[in-house]
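One chain, subunit A, appears in both complexes that follow, with subunit B as partner in the first and subunit C in the second.
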Partner chain A sequence: MTVLPITRPADVPPLRRLLRQPSAAVALVVVVLLVLMAVFAPLLVWTSPTEFDSAAVDPALGGLPRGAFGGISAEHPLGVEPVSGRDVLARIVYGARVSLLIAVLATLVSVVVGTVLGLVAGFFGGVVDAVVGRLMDLLMSFPSLIFMIALISALPEANREALLVLVLGGFGWPYVGRIVRGQAMVLARGEFVAAARALGAPRRALLLREVLPNLTTPVLVVATMSIPGYIATEAGLSFLGVGVRPPTPSWGQMIASAVPWYAADPAYFLIPGGFLFVTVLAFNVLGDAVRDVLDPRSVRR
Partner chain B sequence: MSLLETTDLVKRYPVRHRLTRRRIGEVSAVDGVDLAVDRGETLGLVGESGCGKSTVGRLLTRLDTPTSGTVRFDGRDIGPLREDELRPVRRDLQIVFQDPFSSLNPRHTVRQLLSAPFRYQGLEPTEPVEDLLKRVGLKPEHASRYPHEFSGGQAQRIGIARALALRPRLVLCDEPVSALDVSVQAQILNLLRDLQDELGLSYVFIAHDLGAVRQVSTRVAVMYLGVVVESADRDALFGRAAHPYTHALLSAVPVPNPDVERGRERIVLRGDPPSPLNPPSGCRFRTRCPKAADVCAVERPVLREIAPGHRVACHFPEERTP
Partner chain C sequence: MSQCTRVGLVAVVGMLALTACNGSRAQGGSTGEAVRGGTLHVLASTDLEHLDPARNYVTSSQNVARLIYRTLTTVAPKPGQAGGEIVPDLATDTGRPSDGAKTWTFTLKDGVKFEDGQPITSKDVKYGVERSFAPDLPEGAPYARMWLVGGDRYKGPYENPGGLASIETPDDKTIVFRLNRPVADFGSAASLPLFAPVPKEQDTGVGYDGRPVSSGPYKIEKFEPKKRLELVRNTHWDPKTDEVRKGLPDRVVLELNLDPAVVDQRLVAGQGADAEAIAMEPIGAATVGRVVNDPALKDRLITGESINTRFLTLNTRRAPLDNVKVRQAIAFALDKDALRTVRGGPIAGDIATTLLPPGLAGHAADDQFPSADGKGDVAKAKALLAEAGLAQGFAVTLDAPSTAGGKAQGEAVQAALGRVGITVTINAISPSAFYSTIANTAQMHDMAIDGWTPDWAGPSTYLPLIFDSRLITSEGNNNHSQYHSDAVNKRFDEIAALADPAAAATAYGELAKQIARDVPVVPFLWDKAAILVGPKVAGAYGHVAYVGRVDLATVGLRK
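Moving on to the complex of A and B:
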């Protein structure tokens, strides 16, 4: 007896199927470039994001950058910050580091907590499920943004970056947990779990060897889709002054400080705004594409 | 003494109110089942969907815990055992499932699937994966593949190889061929029979396909709504059935000869089986039985022997050749 090779969608490597969609391919390129930019920030720009350059601004005009479009020049390719003269490109590049790191770590926290609690709730059901389920309902119905603002302002001495990761992850895990719980519930009643039980598998093996490997797809999908949300929330919190603390650069902070200058120096507003827009869009498109590729039930035509 | 024996096996599932979770009733899935399987024998368990045959299977293999009654395996009641006490028993008591694909973890390779029995039992593998594959008619090089790369029949062979890895004494086959193409069904049935001869296995063979049951069984038990209505040696059951439900089942099997088919009597049962939430009083089959009389509503018929090894639960048994 021979096994004939049957080519079905599942046999084509997922990455290749992803790249077949032009929008996903572009989004992936943008995301990869952003990540490279963040990782190799010190190699890309020689100017420090916190270095003042009083020669680039005109004190006679209230600190407006000298030159057109926010002071774009060979020395400052994306112009400078009004008043201080700090290099915008350097601040964008280093700001990407902060934004992406916080978003990725917050995703990691929410995925780990959400997967563990969702798996346990779905597999065991009963009281465990009731407790985890109510906790998820509570967190999801909580006015989380207001709570984050209050909590972060109440702890002025804390490490803001770490606090942001914990708060974002802490409010984000129920979205992972809910999906994992549903899947784990179905899988736990599946025949291959019954087969493993009939072989005498201990409970730990049922959870970790039988059920968990079947959760990688949904978890990967929610994780990819949650990154842009975290980037936007971090920018929002920084914009409101409770995110990353100056002088550490952050896109949200830059947008906030550009608001009073929007008429006199629109480039200073548009550049970080544009980067934030493109980043969130690229991650969203990529997240959708990953879901379409990995989850055949949500195919859109 | 039989290898596997059940006495008055009962399984009821509570039905709870959706909001208050209070018990508002129960489903009586299995209601007093006595079965016995001897060494090297195949017991066929037949009945329509929902008659409780699969629940009996889950109780025999202790995937579920009986509400009352005993399941004796090799003389020992395994009903009340805890999971850690059951583990060594499970080496002797394995299962082949109906749907080969849903019973094989899609994320595991064949090698992982076939070494899992030893791993879960905490044993050193006594048989290489390649040998297990050869025994069920697959090739050693299939070991690195995933279940979705196989056909249904091949996947079921993997399921059988896994069930046999620990050298069990009894294998429960829960509708092992009903998800497969007819041409493949015969191959799998032949494989099961060859393995029985080679390894001295006993089978409990659950099916609704009487043809398959006739092919593999030495004894047959017929279930209806949670009870065994008739049990006999294969030839006695297919030749001289005595319960009206068995008569109806046998008459529903098509005969591959148009002349015979046209001339023979068909007993068509009216309606659906009653709900196991609220089973009929007395005989459970009386609501659809052509012979039902007053006594059937009052008195529950017990299984009694009408010929050596032939037991029927009916007030009006009548041996008939189909």
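Moving on to the complex of A and C:
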């Protein structure tokens, strides 16, 4: 493996370089808007996401929303859920809270666990590396989605959100760990580490002061890239009925309940589907851009 | 008393008249156009629980079983409440009581045969009833065990091959049942599958569930449990001995455990073999709008009446639901209209105000917890909670099936009770384990999405089965609310002793009002079933005995 020093050109700040790419700038704006929407959910919508509105649906038509495009009106800007008449905007906004919170926390779990174990394995090598490496191989070769479904169904129903974070993070950390391990291995043989070691620095200082700071970039890149994956997985698990529990809104759950309605009320399917699509796309584009900016090896030509 | 029923009938008749005016010929509800032959497909989103006559106690399985085996009596092949009438089947009449209805005698018809051509004798019926006592074959109807003399000690033909003395077969045509108490409607009970004949030499014990021997128009050609059941003609069935079944199609193919949305989609399209298909279960809410707005689809919609009431069960043994004021508050807070909308809107039935549905003998109009359009009375509910000292609200757990419909009903309860400060957590249970879970007193939580259909059209298998506290068992319990009232138990005994069925029905109606004041359950829907059938299906109607599902014994295909 070629060893390249990971350095950042100091002339242009990374954020400005990020914003130079129009796609990245748009993605960043979308992500910021989504995060603001999630954080300030109670200020954005006054309707509760769990409040039924029987006036907005027509029972004679099996609870089809009254009005065009899934009952879009001044009162319900994105229409209502068929049957219950719950406000779609409110469910989207509060659902974003759930999705983003779970994705960010799961990323945090996988980054912390992955960095610590990857760093230890890569730096020390030997038995530690063998044990951690096999553990990572084991977790990565698991059919994780099937295992997640089984695990979440089998575990006691304490707090689904926390459970999802732990399960998603628990299966996601080897992807961080592998990258960190590789980098840590390279860095551990680096001249600056050898120099510090020669100067008598303790191992803890070597790890925390010399190796860890140089891992910031790959960890940041892999974290940004994994958020959309977690959002999609959380939606998938909720779609399959093992995600967050009703009445907590979730995009995956909304899409699942919209499936039988695709012909009668396509708007109800398209709106949460569209939000999920835009969110995952924005995070992916942003993740790519962050990698391009921070990782000089992957400059686009 | 039966005003609601009449309204329902008028609506159905009105719909038929309307389609006739449109000049449409595709009329699912009409009869006479069906011809002999063809393959009828049945698309089921559910499973067949048991086909073994000793274990078959689920209405959909009973509907299918009527194609395969005959019983001493059966329900009349008629739409509407007339389907509740009991008519002779294998027997020449609906049973002759004597000794103050403690002895019942049935005579078998001539010319009735099993699928191998062997004549059906009274000994085969006796053996079939005896099998229902076997501990190896649980889950069937309890009446033989409850009523036959010596039934409390008899353990079935495998353990006691001598047989049960209280079932006598003086000759091959006659069977006599000796009961431990007077039972006025034993002739109705004889319509249940456990009164089907089983040839002793072909009994395979537990394995009989997969291949019961046919005495009806069809025999099993192939059965893949949980997937597919294929029936072909039983050539030894003589239509002249059977005034109930028509046996029109040459083959009947049931596809089981399909996705409900897929069933709806296939029947809406009605293409290929699906033109000759019927749905086992009512259409989902998402399909209602499409069907109602499309005259061609509306023509193919069968609206079946039922005697099923859906209710929210409240566990009277768990605090704070052990306080009657709290239960009354829940009855006021519940949004019955939202629950009906979840199930498909007005097409799925009428908002229930009593436990005994209209159309069932004994129904007495009553509404102790009235609210505008059934949407609930939040003010009254809050006042009752304040009286109970729970104005700040409390938390409960609701047991609901983990199906899309079950969850949606759970959320409707959650939203309605949330209005008065009651926080509801939904405990989703796999549909196959749902009833056995809430029938376990240790596992049933505070509330459950529930319902009841009597075993025959009469109140005698309604209230006593679900509210007699002496019948509470730790497992297999039907009194899900664990309701206990000595006064009500005493009244059950008094009514059971009444000789006149009409007087008993009236008494049950009055007793239902008394029970309603204690709110062990909150009725919310008197079920109707809106079933889609393919364009080539003829003579289909919903049957009350099968919760408004299409009567499989009479449906056929047009040319």
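Convention: the second predicted complex is superposed on the first by the 290 of 301 C-alpha atoms of A that agree within 3 Å, B and C clash if a C-alpha of one lies under 4 Å from a C-alpha of the other, contacts with A are read in each partner's own complex, and residues count from 1 in each chain.
We adopt the following convention: a residue touches a chain if its C-beta (ideal position, glycine included) is under 8 Å from a C-beta of that chain, and two chains touch if they have at least 3 such contacts.
Predicted model only: the values in this text are computed from it and were never measured.
Novice: Record, for the superposition on subunit A, whether partners subunit B and subunit C clash or fit.
Specialist: With subunit A as the common anchor, subunit B and subunit C both fit in the superposed model.
Novice: A:Val113 in the overlay: touching subunit B, subunit C, both, or neither? Say first, second, both or neither.
Specialist: neither
Novice: Can A:Ala263 be said to touch subunit B (first), subunit C (second), both, or neither?
Specialist: second
Novice: Could you look at A:Gly241 and tell me whether it touches subunit B, subunit C, both or neither (first, second, both, neither)?
Specialist: Touch partner of A:Gly241: subunit C, not subunit B.
Novice: Once the structures are superposed on A, label A:Ala195 by its partner contacts, choosing first (subunit B), second (subunit C), both or neither.
Specialist: First partner only.
Novice: Once superposed, minimum distance in angstrom between C-alpha atoms of subunit B and those of subunit C?
Specialist: Closest C-alpha pair between subunit B and subunit C: 50 Å.
Novice: Report, in rising order, the residues of subunit A that make contact with subunit B in one complex and with subunit C in the other.
Specialist: Touching subunit B and subunit C on subunit A: no residues.
Novice: Using the touch definition from the top, list the residues of subunit A that touch subunit C in their complex.
Specialist: 50-52, 54, 57-64, 82-84, 157, 241, 245-247, 257, 259-261, 263-265
Novice: Spell out the part of subunit B that touches subunit A in their complex, as residue ranges.
Specialist: Touch list, subunit B to subunit A: 61, 63, 83, 86-88, 90-91, 93-95, 97-99, 102-108, 116-117, 119-121, 137-139, 142, 145, 148-151, 154, 159, 162, 166.
Novice: If we count contacts the way the header does, which residues on subunit A are in touch with subunit B in the complex?
Specialist: So the residues of subunit A touching subunit B come out as 1, 3, 6, 10, 190-192, 194-203, 205, 209-210, 213-214, 216.
Novice: Quick check on the complex: what are the subunit C residues that touch subunit A?
Specialist: Checking each residue of subunit C against subunit A gives 260-261, 264, 283-290, 292-293, 335, 337-338, 340-342, 344-347, 375, 402, 404, 407-408, 410-412, 414-416, 418, 426-428.
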